[in-house]
Every structure is written in structure tokens, then in C-alpha cells.
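Paired with chain B in one complex and with chain C in the other, chain A is shared by the two complexes that follow.
Let's turn to the complex of A and B:
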């Protein structure tokens, strides 16, 4: 069985070195799979649209978001000059929704970004160091986990006072533990893989191992999770504003607008629902995008 | 083994042909089992216990034993991937890790390892040429040089660099990946390569090709192998000397021919008898070994094999047997056995093997 040495000839390639597939890069493969997924492509377009109208709010709207008229309060959708109607102060809804997207998207993305750095860093440290460092850090995260995230955000925001900055800070604190935990799990799993041992056996320092081998492998799952958190963050930020803890009127923000319009729900239900619709649409897009990203990043799901 | 086989000395050689490449003395690793409140140490796993052996330049030393006997832990201890509790290592005459000897990082350049799981041991996000070039690059080689070296090594292990260099591990078969792992291990130009079950996960025809490749590479790069496997046929095919481990201890060590034809330890004999054979005259109907190995948390007193040994006597429970020259062998053969009642002495040497 093992006397194959006699039959082996160096000139003929052994059976297992015959090429089977065309070479392709990992990220190129991810991009290709994303482009083939109609749902992800669709939600990306919707998101791009929302981001564009928010970013170019002064271009796509004509009036000022604070400019209102008592004569034109709560006009219905389709009113000439106010195609999405007006709010309880007679301000143009389209203008305020566009400007509101700026604050809402910022309040959705910024806390997740901050938490990604802080929580990701802590999780990386805990997962790689293991032992007592891991125990201390992760038990500390568990303390934050004990509070429901909404309550924790409200408590921190109430403590710091209202304002956009404080809302972002409060939400960042809320998202640090889950991001730390998922990073820790991913890194601790990677830590046991042989290629990490092999890198250490080649004489890499811990920093080199993390930089060259950990980050590139942990990034995918952590990024997918972070994307799904953006939708939660948008909803929570809107919720804080709704409760009067985040952005304050008259600044346009979808949560604030929803709160202000809630008394008009019997008068102009469609107009009153518009900010809520935007929140729903945006967060769902982020959720679906995270789903698409996950399947596109999974090498084994796709041939 | 004759010195004449070892005339090809490495340029980095320091101790000369007769100096063993690696001397391991009293290597020990106990893993704590923690639990309960405050992670107290509630038990100890005797993973590797007082293991001493030498590896000569240019030889292949096979390490065999059942799963969980400490083979892989020994390999990781040698690479210092885990810190030993006790024990010394001398690499080509220089004490490893001491101030006057050789630094651990320098030793790692001269000693590399190939793991069993060919997929797990390659970074899934790196093209294989990058994985191979990684070692030289962190030791300061320029990217282009490391890259060229990686492609040359791919060719050496039988993979066309033009077709394979830019591929990712999941695009390769198990045999191809293990070739890549070999290239990666060779990238730092090591003198000693530890092969930890390197062909165990491959199917037999692929394993045979990899074994032949190992032989070629050994010649070409003047390598010394430490070949760890549970597959007795493979070890016999490749090894000059064989080391048998049981429950963290060496029970027998010696020239492969002597171990395979005249095993002295009852465990070695049982292990060899458990080897499947196609010869109907040598067919065994009785299991040579019954039951699982004892729990390494609480190994038997005296000889650790006594609980499964058919020749066990009262002395086996009382005293720990130490490695001593085997009674049957010639004085200088290097055949050592750790047994109070070696087979040659009790007359069961060739009864069943």
C-alpha cells in the first residue's frame, strides 16, 4: 500500500495537483456574489437613494426645514407645492424628511462605528489574551448586558441630558457589549485554528498575528453584525428623540417628527406616518443588507 | 545508524555530525483542569510527563501512540507554542531559550511544523502564495523576494505556481493544501520539520504521494523529520527510529527495525498486533488491547500501562519503570524500553507479532 515510491515518477503530475477551478480573489468574489443577489442590490439602491436625498437635502428641496405657515398646517399628501403634505406647523414634509435623514442616519451609523472600534477592540483583546483578561472584560460586558438596551440608553441619556451628542454617546455604550461579545467569540474561535499556531511558529509576535491573520478573518462576521445593529440604532435614536431625550424640536429628525405628528394621526394619518415609514424603510434596508453581506461573505455557501 | 549517512552538514551546523540536532530532557506539561468558583485548579492532566529523547541529524524519528497519549502536545511543546512546565531542549548543541544559547525565535526558524488539518492550518483569506511568503516576510524579507521564494517552493512541492499561487485554500483539495503547508514550513529554510499527523487526514493514495514528496524534500533540503502519527505502517515506511508513547510517557524507543520485529514493551506489541493485515495467516480474532486508555487526570501508579497489561505483576504498581536498554537488543543499538517485565525476559517476545 505504501510502496508507492516505486511507481512514482517526478515528471507526471500526481492526481491531486490537477487544477479544478479558475482562481479568484476573496473580496472580488464577495462583490461578485453581492452583485448577483437581487434583494441586496435592491436595498442597496434604496439606501443609496435615502443617503443621497439626505446628503443633498438643500439641492433636492426648495424651502428651509424650519419655514412654516400657520395657514397651511397639516395639508394632505399631493398638495401643490407640498407634495408630501405639511406638518402641524405648516412646514413642508418633504423638506423636513430630507433634512431629518441627516440626523437620523448619523444617529444610526455613528454609535455603531464608535462601538465597533471600542467593542471590537475589547473583544479582540479578550479573545486573543484569553484567561483572566478575558474573564474580567467579558464579565464587565455582562453587567451592561443585564439591562435591556432601550432602558440603558434612556438611563444614560437621562443622566447626560438631551442633545444629539449625548444620544450618540448613550447608544454607543449600549452597542459596545454585543460587539465586544461577538468579536470575542470570533477571535477565540480563530485563536484555536492551526494557521494562528503556524504563524506563531514562524516567529510572529502577537501584534503581527492579530494584524495579518486575525483582523482579516474576524472582519466579515463582525461587520455583518454591525450592519444589522445600524437598524437597531436608528430605531433607538428615533425612540430617544420621541421621548424628548435625543434631538430636540424644531430640528428635523424622524423620531422627533413622529412624536410631533402623533396628535395629528386622526387628522392626517398618512402624513403622520411618513417619518415612521422612513425609519422602517431605512432600518429594514440595513437589516436585509446585513443578510446579503453574510451570505456573500460565506465562502463555503457559494461555489 | 552510521555517521557516514550524515556527511552533508548544514552551513549553519555548529555541533558537528555526531551532535544530535535536538536533545529533549525531562519535558513535562501538566494542564490544570479548572472549575468551580474562582477557577480553582480541581485536577491536573498529565499530558506529557518526563519525556526525554534525542533526534540525530538527518534522521526521521517516528512518534506513535494512541490518540491522547501526548504526541501532539509534545510537538507543540517543542515548538514552544505552549510553555513546558519543566524540561530542557538543546538544539544543535545550544540550549534553547537560555541567555548563552539559542533564542526561541531563532530556534523556530530552524524548526517548523506541519499540522494535521490542512484546511485549518492555512489562513482562509490569504492566497496560498501569501501564506507561504508570510514567514520570510515577517523576518524582514522584501515582498518581491518572499513572493518569488513562495512560487519556487510551490514548484518544489509539485504545484504549478502559475496556476496555484493566487488561489485560496478552499479552492484546493486536501492533498494540495498539505503540499502548500509543506511549502510554508520550508519557507523559513528549517533544519527540523515536525510533521504532526501530516498525512493522517488524507486518503491513502494521496497520502502515499505526500510521503514520497516528504522523502524527496528531505534529500533536497537536507532535512531532519520528527514524524508523529498513529498510523504504524506510515511510521514504519518513513522512520529510522521510532518512539512509542503511552499516556504522556515514552514506553519504548529504538531503531524502527528492532521496534517492529522485536518489540519489548507489552504496549508496543499490542499496538503492532492491532495493525490491520491482509495476510490471512496473521489474522487476529482477539482484540490485543481492550478498553480505553486510563484517564490522564489520574494515571495508574507505577507503570501507567499496567491497568491494561496482560503481564502486569505487583512490582508494576509499586515502581515507575524507567527507560533502560532492552534486554534482547545489542548493547549499543539504542533500543530502550521502560518496563519491569520486558517481553524478551518473560519469553513472550515473538509470540503474537
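Let's turn to the complex of A and C:
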């Protein structure tokens, strides 16, 4: 009992209290949870592998992606010199898959990046400004929401003509409304929070509030959502090329290759399935990565 | 409730108007003149002018838009540039074929998805949860045009089990034509299965984590009673998602229909793109978007019917 009064005098706190007082930010917690998640780590490794073989395609392959020989058409997997076989023009599959990753990844990731800036910007504006600005912007987005996404992408790309640029443009248009809507929702929720109110009351300009408070707090949910969109975007981008609307032959791209090998399923079914397998693998990685980020960041989304 | 439905209906009108404007603008921004596809390069200016006048391409853009809108509202979409047949007839036949696929694929996909999601949520954290979640994630990540090719490979190339192309001849009895449905329906059901499965799992877990569930358990309600409350709370968002997915099946089956040569609306759209058949193109996109808007409207109303809190 006497000890109680003695301990009330100021003294050094016990060691364990100090340990918990080490400033541990939100992002550090996210990184710690990610490091303990084997699925997300594994998926990141696979994705890093795919990006590496695409980026360093000239290093990891020996041939040229256009070089083929009619004498060696549609050779099976495991052929000496062509370990993944050859395509319908006798070109080495491994070489073309590596080079193909460049265009496929670009066509999948670029639209989401563009839409993240445009849609995120519009959503930020609509959510922060509220009122008439919000109504106009979000009703405009509703019009684009009225199209099923695949239909809109194919319609735009089909009408503008094929080509990588048009495919990226078409997919960007498709992804702007969902990203604008999610950003608007997050920002509108944030805007009602006390700390934003406090910042505004203490004289921060709109720009300062957005820059210092909104962006950092809205970033998590929006990024998680964008990552899951990349998975859709990869599939759609390759799908456009598959239809003959995006990248055109003979450029190596997974969708183009899949389409070119469609007739070959009767001759070399396994070789013909390879480009699609790459699309599937990449899309799956982005999906699982989004799941991992979502639980590490503790984001709740209904989008 | 009626007031809510009426308000939603009114809100849909400007959206539909916007949709028609977007489609029209898209078609006219597009490079390449549809007339050039019809006529030989050496056609005389007089012939070009005549054909332009016949299709109404000689009038100013806003007149063309208003004319097209007026005709579309009365159900007349003109004639195809490619085969000079009325657009509406071709479109309705194609849409019917797509609808068959979409309804069957939705039934299969939603059924499997709800099953997977509920099973995963009920055994949260166990191996069953992981297995169900993995299946659902694979469904979401599969490029369905590739899944179609792989299915064809296994069932038609490696084994001779199922036909891989088309709908079967009209002369065949209907039960013989059923087998043509199997592969397209399975392929199309994969994405809805995955999306619905993942969403049902997440929604059910969220509802089960809410305080009212513990309260129900504490007051001694049976397991069956609790499940009923959980389902009723999880149903509206799941319903909304299923509506969207059904819309995607209607409007987004173009890739799968192309692989299977299924003569649906997506296949028609694909042909129209490559033939630059503007009347068909416009009509198909507008009609599919129109159906999508109506579908969303119905889903909103159904949601509000289940959950009175949404009738604001």
C-alpha cells in the first residue's frame, strides 16, 4: 500500500512502455502486415518475375521476336532451342512471350494510371466542392456508367480504329468513371471528418487541405481499387488485341498471339494456350495483390 | 415505394439521353467514311451524292442526330449498310440468342457464386474458406476468351465430346442443339461466379460482424433464425451486383461469342465494326446500353423493396 504513493513520484517509465511509444505510423503498420502475408509476397515475386523478363527481354532471350522459319512451325514444348515451342510462323514462343509482356503490361497498366489521374482528379473535385459541381460531374459519369465496360471499350476502339494508342485511350475512358466515383465517395466521407473541419477552421486554403489531408487519407482505398482494376484492364487490353482491335500483328502481344494461335489448337494445343496463360497469371497476380493490400490497409470498399 | 420508383425512372431519362448523344458522337468522331466502304474508289461524285442522300449522310450533324433519335424512339433503326436488311430485325434475333446464353450463364454463375461465398463465409479462416476463395479468385482473373479456347481444346480437340462452334443447324431437334450451349454457358458463367462468390463472402462476413447478430444470438435465437437475418441484410448489395453482372453478360459477351461463333449481339457488333456498318453499330450499342440502364433501374427498385432504408 505504501509503495503506491512512492510510485506516484515521477520516475523513468518501465521499458515496455517506451517500446510501445516508438512512433509507428500507419504506413509502417501496412508494411509490417504485408511482410507477414505469404500470398501477397509470393504474388509480388511472380509479378516482379514477369516484369523482369519483359523489361529485359533482349537479355533473357537469344532470338529476335520476328525471326521465324517456316521449317520449324508449331514445334512442341521442349524442342531443343525452343523450350516453349514455336508459333504458327516458326517464331520462338519464349522470345515472343517475353517481348509480348512489354506491350501487354503497358496496355493493361497505362489506362488505369491515366484514369487514376483523370478520374481521381474529377472525384476529388466533385467530392470536395460538393453542390452543383458534384452534381454535374457525377451525372456525367453516370452516362458512361450506363455502358457495360467491355461494350464501351470495344465500341470506342472499334470506331477509332485499331492500334495500341486507341486501345489505351478506350480503356482509360472506361476506367475514369469508376475511379472518379470511388474517389468522390472517399473524399466526401473525409470532408465531414473533424480534422478536416479543424484544418479549414484554422484557415487552411482548399489547396492546403487537399494536399496535406485529403490526398494522403484517400490514397489507400483508391490505390487498392486501382490495383484490382489493373487486373481487369490486362484482360480487356489483351481482349481488344485478340479481337483485332488493339495491337496488330506481327507485333508480339499476348492477345495478338492468342488469336494468331487459335487455329493451332488442333495441332499444338499446349503451345497455343501459353499466351492466355500469361494473361491469366498476370491478372491473377494483380487481383491477389489488391486483396493483400486491402487487408493490410484495412480498407473497406463496396465498389 | 411508388414515389421512389417514379423518381428513379425520371433520373434515368437524362442518362439515356446522354447515352444516345455519346454513341452518336462516337460514331461521327470515328475516322473513315461508311460511304467509302460501299462504293468503288472510282465512283462518280453524282453516285456518291445519291448514296449519301439515301442514307441521310448529306444533312447537318444535328439534323442527323435528331432524325436518328426520332426514328430510334419509334423503334426504327434504319437498314444495314452491308446487307440492306432492316436493323431492328437482325438485332432482335441476335439479342435473343445472347439472352439465352446470358440467362443460363447467370443462373449457373450466380448459383455457384452464392454457394461458394456462403460456404467460405460459414467456414471463415478454414481450408474450405481458402479453397472457395481461390476458386472465386480464379474465376475473376480468367480471361474468358482464353478459358473458351482451353475448354474447346479439352472437350473438342483432345476428346470429341462437345461441338465447339455455332448454334447447330435449325433442322436439328432442340434437344440435339442443347449441347451447343454447354461450352459458351460454362465460359460465360466463370466471371459472374467469381465476382459474386467474392462479394457474397465479404458481405456476409461484414453483416455477421455487426452487433445485431451478437444481440440475436444473445437473446437465444436459433441458428436458422440468425441466418435468415444475416441473409436479409446481405441481400440488397448482392442483388445490385448480380444486376450489374447480368448487364455485363448481355453487353460484354462479344469476346466469347466471337470464339464460339455464337450469332448473338456481340457477334453482330463485331461484324458491324469490321464492316463499318454504322446503323447496326449505333443500334446495337444504344440498345445494349438501354437494357443496361433499365436493368440497373429494376435492381434499384428491387433493392428498395427489400430494404426500406434505401427508399430515400
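What we mean here is this: the second predicted complex is superposed on the first by the 275 of 303 C-alpha atoms of A that agree within 3 Å, B and C clash if a C-alpha of one lies under 4 Å from a C-alpha of the other, contacts with A are read in each partner's own complex, and residues count from 1 in each chain.
The rule is short, and it goes like this: contacts are C-beta pairs under 8 Å (C-beta built on N, C-alpha and C of every residue); 3 or more make two chains touch, one makes a residue touch a chain.
Just so you know, these numbers come straight off a predicted model, no measurement behind them.
Judged by the touch definition given at the top, the superposed model places A:265 against chain C, while chain B stays out of reach.
In the superposed model, A:194 lies in contact with chain B only, and not with chain C.
With both structures placed on the common chain, the touch criterion links A:280 to chain C but leaves chain B unconnected. When the shared chain is aligned, chain C comes close enough to touch A:147, but chain B does not. Using the contact criterion defined above for the overlaid structures, shared-chain residue A:288 touches chain C, although it does not reach chain B.
Applying the stated contact rule after C-alpha superposition, one finds that A:217 touches chain B and leaves chain C untouched. In the superposition on chain A, A:160 contacts chain C only, with no contact to chain B.
On chain A, the surface touched by chain B in one complex and the surface touched by chain C in the other have residues 300 in common. Taken in their complex, chain A has these residues touching chain B: 1-2, 4-5, 8, 10, 13-17, 19-21, 23-26, 135, 193-195, 197-204, 208, 212-213, 216-217, 299-300.
On chain A, the positions that touch chain C within their shared complex are 139-140, 142-144, 146-151, 154-156, 158-161, 231, 235, 238-239, 242-245, 258, 262, 265-266, 269, 272-273, 276-277, 279-280, 283-284, 287-288, 291, 300, 302.
Residues 14-16, 18-19, 22-23, 26-27, 29-32, 137-138, 140-143, 145-146, 149-150, 152-153, 157-158, 206, 237, 247-248, 250-252, 254-255, 258-259, 269-270, 273-274, 281, 285, 288-289, 292-293, 296 of chain C touch chain A in their complex.
In the complex of the two chains, the chain B residues touching chain A come out as 39, 76, 79, 81, 105, 108-109, 112-113, 115-117, 120-127, 131, 134-135, 138-139, 158-160, 163-164, 166-168, 170-171, 173-176, 179, 181, 184, 187-188, 204-206, 208-209, 211-212, 215-216, 233-234, 237.
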